[in-house]
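Before we start, here is the structure in question, set down as structure tokens.
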Amino acid sequence: MANKKTRNLLMRVQGISKVLGGREILKSVSLNLYEGEMKVLIGPSGGGKSTLLQCMNYLIVPDRGEIELDGRRVDPRKARELCEFRQQVGMIFQDFNLFDHLTASDNVSIALRKVKGMSRARARARAMAELERVGLGDKGHLYPAELSGGQKQRVSIARALAMDPKVMLLDEPTSALDPELVSEVLTVIRGLAQNGMTMVMATHQMGFTRSLADEVLFMQEGRIIEQGSPKELLADGSGTRTLDFCSQILDVEGAGS
Amino acid sequence: MNETVTVLLDAMPYVLQGAAVTVIAVVGAMFLGLFIGVPLAVGQVYGPWAVRALCGLYVWFFRGVPILVLLFLFYFGLFNLVGLNLNAVAAATIVLGMTSGAYQSQIFRGSILSLAKGQLKAARALGMSDGLAIRSIILPQALRLSIPGWSNEYSIILKDSALAFVLGASEIMARTHFVASRTYQHLPMYVSAAVLYFLLTWAGVIALRALEKRVRIKGYVH
Amino acid sequence: EEKVLLNGIDANYPPFAYVDQSGKPSGFDVDAVDWVAAKMGFKVKHVPVDWDGIIPNLLAKKIDFICSGMTITAERAEKVNFTAPYWEVKNVFVTKKDSALKAEEIYGQEVTIGMQAGTSEQKWMADEKEKQGWKFTIKLYDSAPMAIEDLVNGRIDAAAMNYPPARDAEHKRPVQIIGIFGEVEPFGAAVRKEDKELLDTLNKGFEMLKADPYWEELIAKHLNK
Amino acid sequence: MNEEFVFLLERLVPALNKGVLVSVQLIVPSALLGIFFGVIVGACRAFGGGILQAVANGYAALFRGTPLVIQLFILYFGLPGVGIYFQPYTAAVIGFTLCSAAYHSEYIRGGLLSIKRGQELAAQALGFSTFTTLVWIIIPQAFRRALPGCGNEIVYLIKYSSLAYVITCFELTGQAKIVASESFRFSEVFMVVGVYYLVLVSVASYGLRRLEKRLEIPGFGH
Amino acid sequence: MANKKTRNLLMRVQGISKVLGGREILKSVSLNLYEGEMKVLIGPSGGGKSTLLQCMNYLIVPDRGEIELDGRRVDPRKARELCEFRQQVGMIFQDFNLFDHLTASDNVSIALRKVKGMSRARARARAMAELERVGLGDKGHLYPAELSGGQKQRVSIARALAMDPKVMLLDEPTSALDPELVSEVLTVIRGLAQNGMTMVMATHQMGFTRSLADEVLFMQEGRIIEQGSPKELLADGSGTRTLDFCSQILDVEGAGS
């Protein structure tokens, strides 16, 4: 992983803090994202993973801190700049947030048409290709309310991928999927990683984390309390909080088998 | 009884001409109200405080002042002052439309607020500007939810249009009064005017119900 | 081309002004103005206008004059100029056909009398009642025909109004005129203060009309059917 | 100038104050009853089956379809024909309530239909009956969404309360009409009346906004 | 597991079929639930697991088929009977469906008060106890929109448990949870199972399935195509579709570790 160091710095997140409902949910979080890197966010429920990911996209405007992409500081008050920034930063939500009034294929194509200015036909073709990729080639005409949980999740992945973002923020993109699909979607994500997509992903897929993550960030109570390569953090006897936390998964998965 | 029937039959063509005036004014006012109401609603929900305050002021004024006073104010005052020489029907349509804009904005505002926050977030995350997100994600959903409120507004304007008579627009109600005063058949005349209004409302409401069904998004209650 | 003058009428005031079955303005005032216009050489069109908006309409030049059974009062005269009175109406009491109530008895009894709010007869009644200590109760209506309606319904014992509409009602509803009261009310046509010329024209025209046999014809046709 | 002032203080304001008291006495009960019945009718229209739904729909169509003034006219001048005599005040409150409830029902219906189906499912899964689901889960959410629309209806009610004078219940507008036609100062009188209504509507709007804020669901808004 | 056979039949599901959007989503599905038994539903996305669970509660009224609880047939047209039936059958939704207008603790207590007729104070106390049990003792005053994904999931579990149902239907109750919580929630569920709660659960927690499930039902395209004890179905070399499917999970989990 030494070669990672020589990569370009793509995104810099510096001292992000956020208070919500009177509680400090994020406490001065910083991280550097190098091109082609895959970072995994891990940590207990309510630790601030979703909030951090949304702050990185300015969907939640942080109270303090700043974000740079490609060396340019993003000013969230400049609408135009913000939109361009967000186009380059794809997002997959924990609860999908599909557009209720659009079919699966329109969910994917609308931003292509309205944001990227593609023609209807081209946007449609691209949308179908993306749906195909997540195994929903025949579900394009269905509305979100007609899709199963896993199908919704996959449409939301297709929607983000279609925008060809430079960075992808993934908030537990496989939580609603069944194992076959998990492996399918993870294959997609693995493919992205291998093609040099830069990603930050909140997940509990430990195997996947081990094999693909360049860095694991352990978040708790709004702070990144441990970070390092999966090898370091998850080494037997490393005594890290991360190892402690992750071993529960194996406990669960392993129990009785 | 027989006399009543004669009076009603005689009055019919005359009153129906008034219905044409009514329909023109109402349809015009509804659309004008839509064009005013949508930006007002968006401004009230998403605007910075100054915009919110301005939109609020507009709504406060046009909902607060009785339509009769507004009609007087604009027709005999403002329109004249700016040299706008409108006929009574056009003036009434504009005033009704501006008023309806204030009311419609509240209907749209309610619908926008009832959409889940995630919809706007997802649109923003795709790089949509707020304007675009509102136009292509929020409004299509909010307007669908506004159709019932819209049908209320339609039936109210339909009847408010009767006030246009103070400007001299001779619509259904004015003509009904004329005939009633001449013939002393007040009750039969009013009842038939009511029937006429009812039919007009009904036609609009049926059309809107059909629209509501057609554009219904799957996944909501019922 | 000639200018057409617009006469604002209250088409809810038969027999002075109303719209006929074909929707055309007609009535005593309408015919009178038509005759005057022909004689004085101007064109006229009659526009039905809501009574509440009729003076604002005049002042805003949406109409040019009002000849529609308008009583000359001091308050109105502050805003507009009136022609000389061309007609005078009496005020009358109306009761249900089978009622035994007499006009003279009304003042002293505890009866309810309906009348249109804001009219000169209503003002007179209210003032006099105060002065004389009359016992009846006044009930106000939006228009005289509605008072007739409630008279027929039996909610009130008598209605007070101008003679002509009462006459009209007598023909069409089971009610009767039982006597007159109050002062006579002079009717005049109203013009904007600055339109002196039109005022003169109308005054002259009405003078000629009253001297013409057509005047009697008009009265017979509209007022003494 | 001085004379104007005297007229205002000694003639107009006392009369209008008397009128506004009557107006408030008309508006408050009608608004409360209107919302109450509006919720019931709205629920029947969205969820009631068969007869109940048909009757509720018919009621709403009838009262939204016909002018309020005619409804009042029939209640007051028409019903005596079948031996029912209402006091003017009673007739006005009944008329306003019936009409208002019809409009509220449409806003509520729209609100009900904007609730995601999952809410209904979750309640039923807990053993809620259709009725208790409605009362405790669906209506509280729907009412919040309908509130801006219902606010419109209350504002309309305030202004339409002026129609009570037609059936001899002399409230604000009625008093104003008397003063205006006596003094023939229409413009002045109705400007002042406009201010009175503006105050009434402002108070109502303020109250409605407060209610909306109070009922706001934390984290849900935009 | 022979002793299961001697248990009482608690719920009988017979020949359930359902057409949705023109497609037959469930094709004559039958199953018998014995008292204290834990059945696991497994299968690919869109296979009909959620639909089946909702049919078992009459949330979706099946086109054909019938359901018996405690030997009494449930007639879905009798509203009263249906409500009583549903009180005894708890449900946890894949997408939570918390009541948006109520705080976490009101979400749990409302059915206690309005359906079971408990007093406000008692319902509140019970709700707090249930929230405590899922680790949300301090979040009772928050509204759903203020909760993280995992927190919502746990509130929905507490809500169902508070009703003391005889049967619980769980639709992927751990999908939104992080590993620590998964193990916590699974501990709760394990506790329920040991206390004799009868359950049907759609899940992909293989370890858990192995250790606790009495029977695994593999659903695909609206049919239960395989069923049996986890031992039988998941035995190495058994050649079952279930094994095939589940091995993907291990693939994923195991990859690179």
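Letters A, B, C, D and E name the chains as they come in the text, with residue numbers starting at 1 for each one.
Criterion: a contact is a pair of C-beta atoms (placed from the backbone, for glycine too) under 8 Å apart; a residue touches a chain by one contact, two chains touch by 3 or more.
Because the structure is predicted, anything quoted here is derived from the model rather than measured.
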Query: Which chains, if any, touch chain C and chain D both?
result: B
Message: Which chain has its C-alpha centroid farthest away from the centroid of chain E?
response: C
Task: Go ahead and note the Å separation of the Cα centroids belonging to chain C and chain E.
output: 82
- prompt: Distance from the CA centroid of chain A to that of chain E, rounded to the nearest Å?
  reply: 29
Field: Chain centre separation in whole Å, for chain D relative to chain B (CA means)
entry: 17
Query: Taking each residue of chain E in turn, which ones touch at least two of the other chains?
result: 95, 142, 145-146
Query: In chain C, what residues contact two or more other chains?
result: 52, 56, 146, 149
Query: chain D: which residues touch two or more other chains?
result: 77, 81, 117, 119, 144, 187, 218-220
- line: Every chain pair meeting the touch definition is listed as A-B, A-D, A-E, B-C, B-D, C-D, D-E
Query: Which of the residues in chain A end up touching chain B in this complex?
result: 54, 57, 59, 79-80, 83-91, 93, 95-101, 110-111, 114-115, 143-146, 156, 159-160, 163
Task: Provide the residue numbers of chain B that touch chain D in the complex, in ascending order.
output: 45-46, 59-61, 63-69, 72, 103, 106-107, 109-117, 120, 145-149, 151-153, 155-156, 159, 162, 173, 186-187, 190-191, 193-195, 197-199, 201-202, 205, 219-222
Residue ranges of chain D touching chain B (in the complex, touch as defined): 46-47, 61-62, 64-68, 70-71, 73-74, 77-78, 81, 103, 106-107, 109-117, 119-120, 138, 144-149, 151-153, 155-156, 159, 162, 173, 187, 190-191, 193-194, 197-198, 201-202, 205, 219-222
Field: For the chain D and chain A complex, residues of the former touching the latter
entry: 117, 218-219
Field: Interfacial residue positions of chain C with respect to chain D in the complex
entry: 52, 55-56, 73, 75-76, 78-79, 117-119, 122-123, 139-142, 146, 149-150, 153-155
